[in-house]
Amino acid sequence: MPMSLFEIWLGILQGLGTTLTVTAYGLVFAVPFALVFGVAQYLTRGVARLLVTGVIEFWRSSAVIILLFVFYYALPVVGVTLSALTVSAMVLGLNAGGYASQAVRAGLQAIPAGQKEAGAALGLSRPAILFLIELPQALIAMSPTFVNTLIQLVKATALVSLVTLTDMTFRAKEIAQVEYNPVAIYTALLLAFFVVCYPIALAGRWLEARVAAPGSRSSGV
Amino acid sequence: MSTQSQSIVDIQGLNKWYGALHVLNDIDLAVASGACVVVCGPSGSGKSTLIRCINGLGSYQTGTLRLAGTTLGLNASETAAARRQTGMVFQSFNLFPHLTVLSNCTLALRRVAGQSRAEAEDIAMAHLEKVRIPEKAKSYPGQLSGGQQQRVAIARALCLNPRLMLFDEPTSALDPEMIKEVLDVMVALARDGMTMICVTHEMGFAREVADQVVFMDGGSIVDHAPVRDFFGPSGHPRSRLFLNTVLKH
Amino acid sequence: MGFDLAFALSSVPTILGAIGTTLGVAFVSCLGAAALGFLFDMLRRIGGVVGLAIGFVIDFIRSTPVLAWLYFLYFVLPFYGIRLGSLTVGVLGLSLYYSGYLAEVFKAGIDAIPKGQSEAARALSLSRRDALIYVIAPQMLRNIAAPLGNYFVSILKATPYLAVLAVPEMLGRAFDIASETYRYTEPLVVAGLIFLVLALVISHGVKRLERRLLAVGAR
């Protein structure tokens, strides 16, 4: 008996756990990378900045699908054995982190110099100025960009189906092997991702409207 | 009747609403050829809306507006032909940033008047000389100061040889030190006999060259008087109150 | 085993041989995405039900992965009797997916033109057509040039997705070598490096273009 559209959808949603796990695990890589390398690119000069930029550009400007395959196939060759889940989370996370690091850096650069000077005039140390004055403002201002990067990360998890993880995309292909109903299966797959990503996009839009409000809190600090 | 036939602008019973907001309320105004009329009033009084109706950039709901003998809004091609008799200068200059100063001036000459590049450039250069900025012909608007940009905008508007020049707060966006260079150009233009309607708060300019001053408030013309009476002791009390606040700064 | 540099170098010509396919796919997809994105933005500007519907289509595209769109087109079109080569399907998929992003690029590029520009064109008696050609379009093109260039790089980096449809682009070539030799690392690293260099070089060009446009464009 052929599966109903609803059954197909439920079958695909069995992969939702993997999709969300890779996303969450990816954030474990993405968030620290974005913060550390974004701040480092902002603070360093000369050779140090070149090195920081090099690492960021490697993760950001590479084709993420190739990065995934390279690390999946090459790490065991050099003696590093990681699970497919860890490799996927690392590659997708650091790729997203590379994008987010640019938002962190741009957010820090966009803060008027007067903020740093005001902090120094109050006798704050350089780290205190960074953590108490600059970073909070930069992260709030760039929060809509981070939300967009999160959506990109969720969508990029579809790639893990290519390295044998049973995410929603993998489930769709499994179902397609026992059921010839491509229209229902791939429509359901698109809908499944839409249901996950669209609320995030709406939240991002809400954030953007709030952040863009005139007289944002930077003037009050 | 005889004054009307010489009027380049003749407005009778003009009304305009934005939804429930009555932005122009029974406006009557005639402007004779060669006259210089200054329109002033607090912000939101409808003066910019009125001047935009005069060349058809803005629409109105009731009343009649005749420009150079054509009733605007009846017929699209007649309205367009009448608009061609006018030039307009905006508060924010509105120069085309991707074109050089010279190309800003020649665009309408070539596309609307159908002139050759050489003819158009000759005319444009003559007007750029008139506003004393010919040396910037090859510059882009972004490379000019605000005062220079506004003078270019005046030259651009003059290129089509208009019979009527409309100025919509031409100096409001300028730094104080640049206002004079623009006003000087406008004074020279008025002395040349150009018909002008100027929305401006520059009362010195009004005193120097205006024939009449129109004071608007709340969408209505409150006071319309020859310039001597407007500034004199017999002026309308509402105008005098406004003058006091304007002249203080 | 380790990394065999000589083997890696020997795989370079085979992989680079597909660079034309990769760049061609990226270029045509970018054109397709731009055309479709422009159409979406124009339809959205109609407003009303059409505008809302198009806005939803754009949101839907942006909320779904490109890989899912490639599978969708690859398996669904034949179901309706539409048989296209995998290259065509790939280009269609990339065009469709990125049109959702380019619609926003056009929106931003057009909305950034001040209202005074078309008003000034009207005050100068330019026809609607002339205003569009000589005043609006040049400013729109200047506004979208840099973001369009950046999306070209994104599309370029998405072309290896077409390997899953067996399109013979650079990643596909790398897998061909890998499956013949059972050595995956070297050809994949080579393909990855070629993409990285391409992306960095083109991004650098876009940045220079952006700086030049900014220099002339200051208002």
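First chain written, first letter: the chains are A, B and C, and each begins at residue 1.
The working rule: contacts are C-beta pairs under 8 Å (C-beta built on N, C-alpha and C of every residue); 3 or more make two chains touch, one makes a residue touch a chain.
Just so it is clear, the model here is predicted, and its values are computed rather than measured.
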From chain A, how many touching-chain steps at minimum until you land on chain B?
2
Give me the ID of the chain with the smallest distance between its Cα centroid and the all-protein Cα centroid.
C
Note: of the two pairs A-C and B-C, more contacts are counted for A-C
Select the chain at the greatest separation from chain C, using centres from the mean of Cα atoms.
B
Report the inter-chain centroid distance for chain A and chain B in whole angstrom, where each centroid is the mean of the CA atoms.
54
Centroid distance [mean C-alpha coordinates] between chain C and chain A, Å
20
Return the distance between the CA-based centres of chain B and chain C, expressed in whole Å.
47
If we count contacts the way the header does, which residues on chain A are in touch with chain C in the complex?
57-58, 61-67, 69-70, 73-74, 77-78, 151, 155-159, 161-162, 169, 172-173, 176, 182-183, 185-187, 189-190, 193-194, 196-198, 201
Where on chain C is chain B touching in the complex?
114, 116-117, 119-120, 122-127, 130, 134-135, 138-139, 142, 216-219
Residue ranges of chain B touching chain C (in the complex, touch as defined)
55, 57, 80, 83-84, 86-88, 90, 92-98, 107-108, 111-112, 140-143, 156-157, 160
Touching chain A in the complex: which residues of chain C?
1-3, 59-60, 62-69, 71-72, 75-76, 78-79, 153, 157-161, 163-164, 171, 178, 184-185, 188-189, 191-192, 195-196, 199-200, 203
